[in-house]
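Reading through the structure tokens given below for one structure.
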Amino acid sequence: MSVSPTGAHPAPMIAARSLGKRYGSVPVFEDATFAIAPGARIALTGANGAGKSTLLAVLTTLAAPSAGEAWIGAHAVSRASSALRRTIGVLAHRPMLYEELSPGENLRFFARLYDVPAADERCEELLRALGLWRRRDEPTAVLSRGLHQRLAIARALVHRPAVLLLDEPETGLDADGLALLDELMLCAPGVTVLAATHRLERVARWADGTLHCARGRIAASGAAAATPVEACAPLVAVRT
Amino acid sequence: MSAHDVLRAATPHAEPRAGATLGATCAVLAKDLRLLWRRRASWLAAATFATLSVLTYAFAFDLVTDDVRPLLPGVLWVTFLFAGVVALGRAFADETEQGTLDALLVAPVPRTTLYAGKLVAYFCALLAIDVAMLALATVLFNVGLLTPQLLLLTALGAAGYVSLTLLLGTLGSRVHAREVLLPVLALPLLMPLLIGGVRATGAALDLPHGDAPWLWLLVVFTFWSAAASALLFPLAVER
Amino acid sequence: MNAARALLGAAHAARWTALPPLTGVAMLALIVGAVIVAPREAVEGEVQRLFYIHVPAAIAMYIAYGITFVASLVVLWRRDLRADAVARAATSVGVLFTALVLATGAIWGQPIWGVWWAWDARLTSTLVLLLLFGGYLLARSLADEHDEQAARFAAIFAVVAFLDIPIINMSVRWWRTLHPQPIVLRMPGDQALPDAMLAVLAVGVVAVVLLALWLVALRADTEQLAQRAAALRAAVDRREDA
């Protein structure tokens, strides 16, 4: 993230204004306002149940916001347009994989779903990069948790998203897997990353800033706070 | 191959390529058919259950009589319905439990595409079971049942049945007694399908069936249930 | 449009002052009319007086399910759980009146047909409706009251069920024509009714519909108060934790 010579900030890649989510009458978080510049890497921290997964659910369009609005690029999250969904790569708590299909079949299905050009080559490239090529034809159900997570990473990356929304991506990964995670996701240049994590000792290694969830509030620090909220103004104009 | 190549963000193309939606529909359909094939053991269970139903009716209603034709439409359609209950009970449950439903919702595919893919896949599977039952009943009861008319009626019934049950299958997995609740909700809605199907089958077998346009009832019901389910599915499947 | 909305708003605000006395007066008038004023029916006898509850209960049943339908559409459109409370209340009242239709129909028909259940087309499709909307209540009660996804699913089911009602009624009626009944219960629209009967029937419709609306309002308000209480309790809990 850089400040251009004129002092103006680039338009944020992920932004939220007064975003809130409640389930029934119980609010999970309220009045969240933050802006994340393109290429920034932001860690989402907080205790269990503080709202990290819920915030990610709202940003990935899986849950509709109860109040306020959020944007990814120029697309409003509440519209959940297919252009927005094409821009994001998602890693959730569960691997979100078909257990009866093999890693190759899983990845090829998602590649076709995302209309990835040259799908077969892309799948081979990812499977080799993530160390799954040898086991690409076995049913996913027999693979270990770590291999599931690697396949989930491949699935998240298959369509070359510009924004990565990750929920505890380190789960189940061994040292090699963590190195791959850092290389492909957390430290990759040009991609905006928002990752929920409990591994606070690693945060300093890859994150430019943090969003901290506590008691229904989301506080920004570091790079997440450096981009002023006024930079959201152009996006607000786009919305109306 | 550097990590940078693997991860390089896509050049943002403004519109998806032409035919992307069709490609996605085919991908979903192929995936569901492949999954059905991998789970064929459970479908064999459904087919076995259907066979057992026919046998149960044969014993319970003493279908050894010479005049078994008036009872056949009822036997067939009740068998279709209950085989459908067994076969479709888990239609969305696995997707919800494995979390893959979320992966499908996050993908840039219209929700109706997800519905259409599952609809065609399960329709093919249920139709296969129903036709197998027609063949079995032909042999057991010495009545020619594999006629084009009856096959059309069976196809219509399967289409109407699958479309409504798939919509109801989005009932959340957190609800207790989910497997029992689905037929409780589906069967009252499907009464017109049952009535129309039985009477139209009777008409095809030259049984007295009254003046009402049974075939039209079946056609209209099937189209209505497919349209309503396709329209309401996106609302049902959102979190 | 605004005048209609203002009128509805005024009616809604006045429901506790207006509904109870109106319902009471109308129900008294119904009882007096049905027992004393209405003439004795020649063929069916005194038991035919159940007609003055049976037909209005059927009308009230359809009105209640209509309220469920509209409230369910609001749940789907606005994602508002208060409309879900209204839908649940209306369905409960609808199921109550459906049971009443079936009971009065069976009691009325038994001396005439000789049996408690003769598969009369209207009563049979009413039985299907009982199972249909009873299923709605079952599905809704097995999930949490504040579960928005469960409320949405129930709303979708209610919309499909309501649209299915005419198809169910039609197909059951066609089915029944295969084996015509010797005696059909004497309903309005089948044959001409004398003026006295029509007058009492009109009073009955007004009385029972008012009763149904009152019950729906009672239950909906109770549910909405429970929702607000839960919200307040959650807010207090959060404040205590902070």
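As written, the chains take the letters A, B and C, and residue 1 is the first residue of each chain.
Going forward, contacts are C-beta pairs under 8 Å (C-beta built on N, C-alpha and C of every residue); 3 or more make two chains touch, one makes a residue touch a chain.
Since this is a predicted model, take the numbers as computed values, not measurements.
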Topology of the chain contact graph, where touching chains are joined (line, ring, star, complete, other): complete
Pair joined by the larger number of C-beta contacts - A-C, A-B: A-B
Centrality ranking, top chain (CA atoms only): B
CA centroid of subunit B to CA centroid of subunit C, Å: 33
Subunit A and subunit C, separation of their C-alpha mean positions in angstrom: 49
Rounded Å distance, subunit A centre to subunit B centre (Cα mean): 36
Multi-partner residues of subunit B (at least 2 other chains): 238-239
For subunit A, residues contacting two or more additional chains: 64
Of all residues in subunit C, the ones touching two or more other chains: 147
Residues of subunit B that touch subunit C when the two form their complex: 164, 167-168, 170-172, 174-177, 181, 184-185, 187-189, 191-192, 195-196, 199, 208-212, 214, 217, 220-221, 224, 228-229, 232, 235-236, 238-239
Subunit A residues within the subunit B interface of the complex: 57, 60-64, 82-83, 85-88, 90, 92-101, 105, 109-110, 112-115, 117, 125-126, 128-129, 155, 157, 159-162, 183-185, 188-191
Parts of subunit B lying in touch with subunit A, wherever the complex brings them together: 1, 3-10, 12, 14, 16-17, 20, 23-24, 26-28, 30-31, 34-35, 38-39, 98-100, 102-110, 238-239
Interfacial residue positions of subunit C with respect to subunit A in the complex: 79, 81, 144-148, 227-228, 230-231, 234, 238, 241-242
Touch list for subunit C against partner subunit B, complex: 76, 128-129, 131-132, 135-136, 138-139, 142-143, 147, 149-150, 152-153, 156-157, 159-161, 163-164, 167-168, 170-172, 174-175, 177-178
